[in-house]
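Shared chain: subunit A. Partners: subunit B in the first complex, subunit C in the second.
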Partner chain A sequence: MLVLSYVLGRLVQMVPVVLGVVLIAFLTIQLVPGDPVRIMLHGRATDEVVAAAHARLGLDQPVPVQFARFVWNALHGDLGTSIIQQAPVTAIIAERLGPSIFLLSYSALIAIVVALPLALLSASRHGRPVDHAIRIGGMIGFAMPPFWIGLLLMLLFGLTLGLFPISGYGRSFGEHVVHLTLPSLTIALFLAPILIQSLRGSMLEVMTADYIEVARAKGLSERRIMAKHVLRNALIPTITVLAVNIGWLLSGAVIVEYVFSLPGLGSLLVRAVGFRDYPVIQGLALVFAMLVVVVNLLADLAYMLVDRRVLRA
Partner chain B sequence: MVVAVSPRRHAGRVARELAVWPATLKVGTVIVATIVLAGLFAPLIAPYDPFYQDFGTVLQPPSLAHPFGTDMVGRDVFSRVLFGIRIDMQIGFFTTYVPMIYGVALGAAAGYFGGWLDAILMRLLDIAMAFPFLVLIIVILSILGPGVQNIYIAVFLVAWTMYARLARAEMLVERNKDYILAARTLGFGPGRIIFRHALPNIIHSSIIFSMADFVLNILLVSGLSFLGLGVQPPLPEWGAMIAEGRDYILQAWWISTLPGVVVVITGTGLSLIGDGLAHRLGERQHGLL
Partner chain C sequence: MVSAKRARRMHSRCVRLAAWAAAVSAVAIVGALPNDAGAAEVNEGGTLIFARPDEPLTLDPFIPADNGSIWAIEQICDTLVEADATGEGLEPGLAESWEVSADELVYTFKLRPDAKFSNGEPVTVEDVVFSYQKAARPDGTYAFLFDPVASIEAADDQHVRFTLEEPYAPLLSSVSIFAASVVNQEAYEADPERFGVEPVCSGAFKVEEHSRGSHTTLVANEHYWGKDEEGRQLPYLDRIEMRYVPESNARVLGLINGDFDVISTVPFNQTGSVEALPGVTLEVQPMYRLDYVYLNHAKAPIDDEKIRLALNHAANRDAILQTVYFGYGETPNSYMPKINYHCETVEPLDFDLEKAKALVEEAGYDGTPIELQIDTGNAPFRQIATILQQGWTAAGLNVELAEYDVGTAWGHTETGDYQAYVSYITSDLNDQDELASLQADQTGSSESFFSRYKNDKVVDLLAQARASSDPATRQDLYCQIQETVYHDGYSIPINFVPAVNAYQDHVQNWRNLTTGWWWLRDVWLDQ
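And then the complex of A and B:
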């Protein structure tokens, strides 16, 4: 019962956010100064063509009607038609969703694998030189522009050493892994410092908890306490930290996909902006925001399953 | 509080303040001050005109004559990086501190008054945070068109949300404390209570976060310029320079690499200041790092 009401409550909380997100996505075309169709067609269209495009996009209707239609269609998975690509926006975006999700999961995985041991080391040597070195290393990683570090990784591992391809996505799962290694490393380089910082904090908190004192009093070795109690309890907040930072992850993915010419949502966004392909931009704004909302929802639910205490709060 | 002090006492105070600065704050301040000064005095320090194209010396590797080498049209990369400080630090500064002013004010007011103002603000924050920051900025730029002025507009529209959230959270704790109740009992108006009494106590977290935000904004501007949506060539913006060198990365690694190194040094300096401030102000960390 508690679980059900928690899930329902969480879903109800989402409603105003989703409505706001949909409204903002809808407004992207409305707010374009001048006629978005003429801008998209670069002014070389005749009046009939423009009028036809208006009718197809529904731009000839009153704004509230347009909004209602936008919501209705979006609920049915129809995000309109790209005039420039002559294809449904949903299909264009769906085609690009796979590489982006692969990239995000892969970078999150690398970031966790790097961040966990470093955070553990940092927390267990709290205030010692290793801790400071890890913190300052994190600051340096955080300050690296992803497009710059991407270029350098390309130059070193791709062009000079020839270990990894420098662009494209490949066809099979194995090829995806090889193609996405450098892009994922690039994203992980700025995600890992954020993860390390939060994990270190939560580990330090766990380390001063009463049950750790009890474990010490029982005579357990520090190593065992770290591995069994601290690490296990610090893993739970990792989910939350990752979810909170999903926005940064996606932001980083936009630039990294562009640098490595990956066929993902981010590079699609950059291209769509270049062509002023407003239906695609609008659809992407909606999809990106919904990704953030859904990931946060899933993280909260996962957290609830791991730690039932939130149900009583 | 502003108190007139004699120069000597003032010097003593500065020395005492410096003595309690953590090492990170000192090192960070030295790094950032050096970069800002180099930017201010760029016309005096820069060995060449950042726009001067010398086709006799294209793609020269770093040397004594050209410390950072030359680019594909023979411009001196070091001089361009120096002038780039003016562009990147200026945009980074304004995109950080302008939204901070009204973000903190709005968040503080919402936290103090509560009620419908708070409810509306919280919904707005939730919606703004649902969009990945860069995606939202790019979408706004797609409407307004590329360029620095529109980056300012886009960031000013969006970036205050983080500060509003921080200030609101702090205000919720602060507003029930005795000194606020005392100020209210004395009959002070909400404006005075929020800005004169509570603000000094709730601003720390925003100041600390602003250092990480400064780094992110420099990365944002250089990233947007890299994508061609920000500062336009031939202006010597760091991200735009990295983009220009991209096609020459194999023959001339320095065109892209060295401006990036300066970005990393600048960002690390700012992060060090943030870390030091967090210790100096005696707070738990609020920044991203």
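And then the complex of A and C:
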């Protein structure tokens, strides 16, 4: 029950956050010069064509009216019609949501699987060569541009070894897993060092805490102390770091989507902004806001698994 | 009786193949011969996997203006008259023949009796009239092409009649525009949104799957009217998978890996390595594209012709051709792409810094800076701007580069809030008139394509050229126009840019048209 009311409370808090994000996106894009109809027609548009299109799209209305209409329709599950694609925004976003979420989950999974043991090793061998090696390796992975890593992975695993396809998304779940391995690895190479850094840092901090000394004094084995006490307490900040990065990667994975020709949300957003496709931009702002809030909610639920005290706070 | 033969003659007369590398021209000429597959053995069937950098945003012919959509629609839909296998001429499409009245005011098109839509229904005169009327409606995106058309109506159940207000030489070419594709009226009106994904047209291919952001799969339209010279049903291919692969390295790697049969838009800096691949052919074809710097004649100091000419003389186009385009293309002597009435005799504004300096001095240049706009992230255009800036600075001009995202830069261009902008223009039509007028006719809605160029004599010449049906007269008029506009320093033309594709050697008959898209109906796979 406690968990349920907690979740409900968080969902209610979501409403102003999402509305705020959508409003800011709506106003910002209005401030930027450029007209979707004119950009699309690349100079061929006569004023009559533009005026007719504006009337059809409701762009001739005052901005507050446009916003109110957008919110009203959104409440009814209608995000409007894309100006340049002439298809419902909900359909366009829905088609791309799957690949994006798949990509991020897969990347997060790889990053966690890599980061946990390395961070443990790094923290427990603090200051030794193995710790330095992990930190330097992480820095290199983090510093390499994803664009370049992506191409290197394509060359190595795609062309030379022939293990993975180098572009596209595939048609079935199995194909998705195979197609998304290299892109996910590209993101994980960037994400894992952040997690290692954060986890190692907080583990080192926890390791000097009094209660760890107490545990040691009680005669618990080092292994048990690390797993049960240190890691568990150190995980909370790391979950936050992961949640923040996943929120960012929802739209920030655009380079990886681009290199691997994936139909994700990031590339959709970039194009929508380029064309000033207002309904798609607003729809994406709404979806991103909701996803970020949901990811943070999941992170909070994950804290609970790690530490029940969160519930009482 | 005006048949396809005359149209072809009209359009081939003035087309001279460019001075690309000799080998390239040879390939282009051989490749451009229509019907060269007819005599040979062909393997029918198979799937062609084709990676391109743009995706179709919609397949509804009445909406788009982007090449991602247009070049796909060209494979799916027909018009009464169509661009031929080279792109430079016209040939019968859904109309098997047409007649022009003596006063050149009435065009009567005879519909092919065997033409069917991809759903098996016959193409009727009503469908044709519906489609052309829709395209010509004032709010149609390409309606300006039909401005001189007074009415479009059914003459009987086999003929469609276009009545003009005044003689209009480019009519046949205008009729070939994708934006006037003949659609199945019933399917279109039932659900236009669905039509954008599953169009019902009569072209060589129909849509099997349109997956936005990923691929569009086309399959042979079994009802297509086209046959090859030996009477075999076209197209030869069963299926074309058009993959959307925006990243150029990914396209090249996919070609090397054998994932793709053909890739379009090979970046110039990779042409060398692609050409060296075994079993791969690099195709370089002239097309109707001009990369150029837009100039805004309404802004100081560009309002001064001497400054505009100085900008031209200080532009080191050879350096640009070599470093940015790796030698592919041709230095232009025109303000517009090289279309059917291009004039080779117009003297180019050559690279001459001394002349440029003298012109700047003569103009009494006061140091007003010139801002050169570039699209953010467009590396080749940025390189062009840098080379131009060097020359212009050497000629004594103050130049600043400014990067904007495409939408913003285009917004500035349309509102006239710019001085110079590195961009380009392409033509979907093989008649000189569309771009000649769009770019230089101040009475058009784009104010001479945002240049704010004004020249009453040019407006008059354009009107004459449009109304004349005699090719020799038109050629003469367009030469005068090209000479005048170009030497008024209309813009800074940079390069006639070719299309560059690469394909595996088992792909036969692959051809890029000058209009930009590809002639796919007689492509076959030798494997």
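As a convention for this text, the second predicted complex is superposed on the first by the 248 of 313 C-alpha atoms of A that agree within 3 Å, B and C clash if a C-alpha of one lies under 4 Å from a C-alpha of the other, contacts with A are read in each partner's own complex, and residues count from 1 in each chain.
One rule holds for everything that comes next: contacts are C-beta pairs under 8 Å (C-beta built on N, C-alpha and C of every residue); 3 or more make two chains touch, one makes a residue touch a chain.
This is a predicted model, so every value here is computed, not measured.
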item: Partner chain in contact with A:Arg276 - subunit B first, subunit C second, else both or neither; value: both
item: Partner chain in contact with A:Val241 - subunit B first, subunit C second, else both or neither; value: neither
item: Which of subunit B and subunit C A:Tyr258 touches, first, second, both or neither; value: both
item: Subunit B versus subunit C as contact partner of A:Ile194, first or second or both or neither; value: first
item: Partner chain in contact with A:Gln86 - subunit B first, subunit C second, else both or neither; value: second
item: Contacts of A:Ala52 with subunit B and subunit C, given as first, second, both or neither; value: second
item: First, second, both or neither for A:Leu268, with subunit B first and subunit C second; value: second
item: Subunit B versus subunit C as contact partner of A:Gly138, first or second or both or neither; value: first
item: Which superposed partner A:Ala119 touches (first subunit B, second subunit C, both, neither); value: neither
item: Touching both subunit C and subunit B, counted on subunit A across the two superposed complexes; value: 32-33, 151, 154-155, 159, 258, 273-274, 276
item: Residues on subunit B engaged by subunit A in the complex (per definition of touch); value: 123-124, 126-127, 129-136, 138-139, 141-144, 212, 215, 219, 222-223, 226-229, 239, 242-243, 246, 249-250, 253, 256-257, 260, 263-268, 270-272, 275, 285, 288-289
item: Residue ranges of subunit C touching subunit A (in the complex, touch as defined); value: 51, 57-58, 60, 63-66, 138-144, 192-193, 196-197, 211-215, 243-247, 249-250, 253-254, 256-257, 259, 405-408, 410-412, 414-415, 425, 438, 445-446, 449-450
item: Of all residues in subunit A, those that touch subunit B in their complex; value: 16-17, 20-21, 24, 28, 31-33, 135-136, 138-140, 142-149, 151-152, 154-155, 159, 193-194, 197, 201, 246-252, 254-255, 258, 269-270, 272-274, 276, 278, 281, 284-285, 288-289, 292-293
item: Complex contact set, residues of subunit A against subunit C; value: 32-35, 38-49, 52-53, 81, 84-88, 92, 95-96, 151, 154-155, 158-159, 165-169, 258-261, 263-264, 267-268, 273-276
